[in-house]
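Got a structure here, written out as structure tokens. Questions coming.
Chain nomenclature is as follows: A, B, C, D, E and F, assigned in order of appearance, with residue numbering initiated at 1 for each chain independently.
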Amino acid sequence: MKLVTAIIKPHRLTEVKDALVELGVNAMTVTEVKGFGRQGGHTETYRGAEYRIDFVPKIRIDIVAGEEMVDLIVNAVQQGAQTGVIGDGKVWVTPVDSMVRIRTGDSGVDAV
Amino acid sequence: MVGSAASRFQRPFVASASRLTDNPPTSVSGPSTRRRRGRLALAVLSVAAVSALWASPAAAQSDLPDGVASSVILDNLWVFIAGVLVFFMQAGFALVEAGLTRAKNVANIMMKNLMDMSAGVLAFALFGFGIAFTGGEQLGGWFGWGGFFMSGFDDAIPAEGGLSTATTFFFQAAFAATAATIVSGAMAERTKFKSYFVYSFVITALIYPIVLRWTWGGGWLAQLDTPFSDFAGSTIVHATGGWAAMMGALILGPRIGKYADDGTPRAIPGHSIPFVVLGAMILFIGWFGFNPGSELAADEFVMQIAVRTLLAGCAGAVVAMLAVWLLDGKPDVSMAANGLLAGLVAITAPVGAVTSPVSILIGMVAGVLVVFSVRFFDRLRIDDPVGAISVHGVCGTWGTLSIGLFARFDDAFLGREKAGLFYGGGFSQMSTQLTMVIVHFIFVVVTSGILFMAIKNTIGLRVTREEEVAGLDTEEHGSPGYGPDLVPATAGI
Amino acid sequence: MVGSAASRFQRPFVASASRLTDNPPTSVSGPSTRRRRGRLALAVLSVAAVSALWASPAAAQSDLPDGVASSVILDNLWVFIAGVLVFFMQAGFALVEAGLTRAKNVANIMMKNLMDMSAGVLAFALFGFGIAFTGGEQLGGWFGWGGFFMSGFDDAIPAEGGLSTATTFFFQAAFAATAATIVSGAMAERTKFKSYFVYSFVITALIYPIVLRWTWGGGWLAQLDTPFSDFAGSTIVHATGGWAAMMGALILGPRIGKYADDGTPRAIPGHSIPFVVLGAMILFIGWFGFNPGSELAADEFVMQIAVRTLLAGCAGAVVAMLAVWLLDGKPDVSMAANGLLAGLVAITAPVGAVTSPVSILIGMVAGVLVVFSVRFFDRLRIDDPVGAISVHGVCGTWGTLSIGLFARFDDAFLGREKAGLFYGGGFSQMSTQLTMVIVHFIFVVVTSGILFMAIKNTIGLRVTREEEVAGLDTEEHGSPGYGPDLVPATAGI
Amino acid sequence: MVGSAASRFQRPFVASASRLTDNPPTSVSGPSTRRRRGRLALAVLSVAAVSALWASPAAAQSDLPDGVASSVILDNLWVFIAGVLVFFMQAGFALVEAGLTRAKNVANIMMKNLMDMSAGVLAFALFGFGIAFTGGEQLGGWFGWGGFFMSGFDDAIPAEGGLSTATTFFFQAAFAATAATIVSGAMAERTKFKSYFVYSFVITALIYPIVLRWTWGGGWLAQLDTPFSDFAGSTIVHATGGWAAMMGALILGPRIGKYADDGTPRAIPGHSIPFVVLGAMILFIGWFGFNPGSELAADEFVMQIAVRTLLAGCAGAVVAMLAVWLLDGKPDVSMAANGLLAGLVAITAPVGAVTSPVSILIGMVAGVLVVFSVRFFDRLRIDDPVGAISVHGVCGTWGTLSIGLFARFDDAFLGREKAGLFYGGGFSQMSTQLTMVIVHFIFVVVTSGILFMAIKNTIGLRVTREEEVAGLDTEEHGSPGYGPDLVPATAGI
Amino acid sequence: MKLVTAIIKPHRLTEVKDALVELGVNAMTVTEVKGFGRQGGHTETYRGAEYRIDFVPKIRIDIVAGEEMVDLIVNAVQQGAQTGVIGDGKVWVTPVDSMVRIRTGDSGVDAV
Amino acid sequence: MKLVTAIIKPHRLTEVKDALVELGVNAMTVTEVKGFGRQGGHTETYRGAEYRIDFVPKIRIDIVAGEEMVDLIVNAVQQGAQTGVIGDGKVWVTPVDSMVRIRTGDSGVDAV
């Protein structure tokens, strides 16, 4: 099993979710995060003084899935999240040793 | 020709005279002969007398005889205090609109309310007031010309009593700001600030004053055989705002995401219901200046008007809540707040003419109307985040027409008792009311439509897609409405 | 038998007469003979004269002689303006209650405040007002019957002056809404909306009006040899709300998580202290209508009453803050706001009878009382998220009793100077005050207890566990009080 | 020697007499002889007559003859209502300050506003009022001594009319609370609560009352040949607060993180722009008590003053917005709100003396001034999160000086028409105004400087670094201003 | 060392924390997240228009622990978080290469 | 590739970010979290009743980086975040299988 983690632009969440659901992935966990990267921040003026916003809002998606799904998921995320404008984000994959469904105690791929 | 204007705040010479001599009115036999001290009985207005009054500022500046001073001062003071309450409504509008829209646009909507008040008052002082009241009558009472740039603002109270120009301006300026501010709600979350600034200036300087002239300014509608009655402005103020809001929302188009591709309306929840309810409560409070102050004098009718206002507003809130409960299974809070306002808007026109129980009825109807109207415009894909069109346009119209049905007392505009259909008054009042409602609708729709189209084709009316998505606060004003410590991340999931 | 009611807002015939003839009062020798123009000196009320007054509406509708008009109008206008200030208190209550509860219930609590005002005003107009004032006296002054459905609301000011029915209703309706709204705070975060709606209707239509009848309505408590004094309603309004709140909170039980298994109280912090303080400040402002308006006339006592109200409120805030600081090591903000309100509630009864320095003392005691009382009820496991029982019940009682100790002036209820124990007035006033406080407590506890139990056993009083956990906003009203863009995730960690 | 005080609220005997006999003033030839009923024409004050008045409380307590009662009551009632509006400004200040600072300090700033009102009113009642008004004149009019502890608060209206002590105290206490509250904004987010409590007590009990004494208290500045004019307190109230705020911010030092190591100012965005705008709108409403109420009587000038106040405030908002737009490319919302307040502060002094068009000009200049002044103090590293120094200190000074330029009418302080430079009045008024501004500046800077330094070196003025970082709400008051359900995590990224 | 990540219902946090503390695990990091899964969202009505809330509030818990603790932790989480009603969440385990305590520089299991 | 996860005190974020940027790491994702650990919470009093805040605010930083950078990153974080007072937090490293840049589709170390 693998954990696919994606950092995307907030307004692409619906598209990514739809792409994943189409793929048969119907569970994920979403976190509001802030990103620092190439996109850079922006400078704002408040009462005559400037200030930089270095961190821009992003959405993090975590999906645990069977190995065979990983490439499909990465693809689907990319499809849904891509705008071509700097700051689209990243997807990375990390290994998962095991997973348990709390409600039933099912473990392994059954728990996904 | 300043003096020839037969305007709302000038007291008919005869009435003043009788009061100055401290004689009780000669024939008093019930409500049918109610003498309204402040409100102009336009039909009996002696234009010559009024001219004289305006032509002799020196006399007007003399001190009032002390014997009458107190009641004249009280008239002015009360109308001024009522004006303060009406200005307080600006805070109410700002909060209702802010609460029903998203956090990313909250500073923008507050700014718009601040600015249509500030710029609106200046526009009205420089131009609108002259067109509405002090300017000489043009085109048979369609608008006024002259009296611009605060002429008369530092004059004393007229020698024979009544309101000073300062008092009248103060009260009317508060109303003008109200008319303009209604529009901002319907056009929220997508309008360029610059464009908003321009059109709220034009509405306050020109469109609204012309409507004023027709009616309270003693223009053509006040000069009909069966004169038009709109005591405190269901049509004159609220529907002007409401219909202009409709044109604005229509020309602007809906917010991104408001309608699915198949046209199904989607909810875009407002970010703060407590702001909405607090705003509605402040508006409720302000209405006790709006309606009772429109008596334009401190007399016993003030309190009756207040009670009717109270009853209609409360009935609107309760009934709108029940209607939503029946329709959707749960009582929506923001619609209950809209219901309160709907009842208040509806009673604004008939408040001087109807009985207390009828006030409740008028409020109840408004409470139902607003619920269905909000759905109706939503289905039409006219995206009005705050329900301004329904509350102010639709319920304002209902209130204006209700006079034709229910008028029982003479509100000093009607000139007779029992003018309503249900009191045997026949159709004449109803047809005058209908005339007004229709002419007014056409006028506002056309003029505001031209205005918005002109802006759209010059400086542009709508922000870019990127700005709308990011939020107007940072894009238009340079910093977010809520600090990063209050709203850690942005756009909700 | 409408006419036989000896009610608060009817001016004694004799007093009116003297004023109409423009003669100064014959013997004026200091504060002991203060003539209160508006407030009813019930003991001298000529019932026959009042009957006559109410029996001849035609006469009542005649215009006032111009010579006196101004002062009569001013009386009415002032009481109306005071009523507007009192209605503004609804916004204050809503904010205090919203601020002291959790974000997931914020729309619900705002809705409750909106609705107990809206439905309450209608209930009071339709039924309560008749029971309290205009209905014929029943059972030797225990309640009134008749005068329902807004009778007299469109009548003019009585010929001999005083307040019009419209004025009285407006002011009293604002008070009635206050009594009902107090309950919502103590029962916050767990009460079914439907049930709340029902009981706030009953309280405003029936329970509160009966209490009113006894006292300001000229009923049995006003007819005692040593009449009861509660100038603006420490007991009549506030303790009615406070004790009903106590019964509600008791029957409802505490919020989930409020008490550990061993009964130790746990804090459930309110979600917005700025709302609490803003609300308290709005209430403070409203109190300048509540107390000075209860003079029911525009006279010089209005300003003295305002000053005493101001001093007591400020003393309550400062002392409550200091008390918490000493007890807990840090000055809790919400308790300081409670202290302000405690001082204001306490001074509400004695405000017409005590000196300014004594007002400070009364406020100080209230400031201490509220701090200990909040702890006391918390230890009793009566879960009152906003401190309504302590502020309104306990401090209202303290204020009512303080008259027995400190009454110096005649507030027109007392009928004599120096009625207080410390001014040599003996125990008679204190025993009347105690009687009232006890009878009132029993009456409210029993009637509201029956009401809440009846609701509990029919439609149910409390939401389900799941609804309470999820929050009343989505469960009862269909959408959250704060948009997802303002509150990204829910229930705090 | 209570009686010898020539204080602001005592009506000159002669004027009263003329009104009591109901004779119109003998020579009325235009605005130049305007008789101001309430405001003291200090130059003609008959000290003996006033002494007599104050020396005979028994007479003062007699009822007023009914013939005049109404207008005297109206004077008192209006000033009281105006006072209520001024007290409402406390809520406005609290919101503006809360909105412009961070969420972690929101309860603290609300508490400070609550407390400088509560403790301030008590301090003013116990000490300040005597020093300012009722105490006997000391050192040739530099301060008063006596009349402490609420003496006269329960007295009736003086027999010959005017304001009662209760009325005057109420209105003046509202002003005193304003002066104190201004300081809290500039010192926000880093001041110890305890120290704040101490210095706001001293300012209200001592520093502000001494300034009052000089001017409205009939002291040395009122006794100059060309008397000082500051109608409603641009300098007396606002600049007192503003300059004390400056000293506080200076001695306290900037907030952690406000300036980069090289001194470049960094923005620390406020947490709630809706609070800022709502607060500004409430202040705007309150100003219609502040300025028109300062007429100290219900007369026709009240309404003129209201209009000028309105126009200047609106002009300030519009111009400040435009100025920021030009400077920074985007119209900053909080600076537009500051602009509204700047215009209002500026017009506060000249409001009785200038024409309506000039009011707009004064507001416009203030709108520009405030924008540059905020930058200026920021560059000076005087960290004022809310712009209090610029709004109240700088624009208050501008308003005070503008009288020297533009005075057209006699505001009852000036004692003559056309005192302004541009109306041919020469430099004498300007030099008096300048004297006041300079002496006042030195006095406030020195006394408040001593006060803050004394606190700094005893109980300490500033919280620890850890407390400042963690936020004053939890550190100083024991719980956060926003519940964990509203603000899930803390300090923004 | 392993990283145990749990997604639970927000109102079970106290129970889970208590179960972990009992086990001797007295450090963890908690994040407010939103979950998408079998539980589904819900439809709400606002001013007459319907809208779906697809994501429901969840709490994410991250615990780094020695290998030997993993099963106990997973068990404790399950015990504390289980309600039996759909939406109870998941626990998964991922490998951790190393860990350092910032304050002291301790690394490995000492840092836990 | 590795994922470096750090839990730090919120007010040290700027220092940590600066240290990382100096190192040439100019992308990271930041999350507001709450921590439970040795630092303990604190007891507050609200209206006379006490309550414990068990969870204190922390910032979580996630950085995906090439293996060779890991030690440097851990060091930089430690440098920036260390105050020596209890509660400074942890840094842990977990393996990453792969990473993709959504905008371009670049994968592996190029995506970092």
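Here is the rule we go by: a contact is a pair of C-beta atoms (placed from the backbone, for glycine too) under 8 Å apart; a residue touches a chain by one contact, two chains touch by 3 or more.
Predicted model, so just to flag it, every value in this text is computed and none were measured.
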Task = Tell me which chains count as touching both chain A and chain C.
result = B, D, E, F
Key: Interface with more contacting C-beta pairs, comparing A-D to C-E   = A-D
Ask   = Are the two sides of the chain A and chain F contact the same residues or different ones, given that same means over half of the numbers occur on both copies?
value = different
Task = From the options A-D, A-B or C-E, choose the one that repeats interface B-E, i.e. more than half of its residue-numbered contact pairs are shared.
result = A-D
Rounded Å distance between chain E and chain F, as computed from the means of their C-alpha atoms = 18
Inquiry  = Need the CA-centroid distance for the pair chain C / chain F, whole Å please.
reply    = 55
Query = If you average the CA atoms of chain C and of chain D, how far apart do the two points sit, in angstrom?
reply = 33
Chain C, residues touching no fewer than two other chains = 70, 74, 81, 267, 269, 328-330, 332, 478-479, 482, 488-491, 493
Residues of chain E touching at least two other chains = 30-34, 44-46, 55, 94-95
Message = Please list each pair of chains that are touching.
response = A-B, A-D, A-E, A-F, B-C, B-D, B-E, C-D, C-E, C-F, D-F, E-F
Message = Quick check on the complex: what are the chain D residues that touch chain A?
response = 265-269, 324, 327-330, 332, 334-335, 371, 374-375, 378, 387, 493
Task = Using the touch definition up top, name the residues of chain A that touch chain B in the complex.
result = 10-11, 13, 30, 32-34, 44-46, 53, 57, 59
Task = Write out the stretch or stretches of chain F touching chain C in their complex.
result = 34, 44-51, 55
Remark   = chain A contacts chain E in the complex at 1, 3, 17, 26-31, 64, 94-103, 105, 111
Remark   = In the complex, chain B touches chain C at residues 19, 22-25, 28, 30-31, 35, 70-71, 74, 78, 81, 85, 102-104, 267, 269-274, 276-278, 280-282, 284-285, 288, 292, 298-300, 302-304, 306-307, 310-311, 313-315, 317-318, 321, 328-333, 336-337, 340, 355-357, 360, 409, 482, 487-493
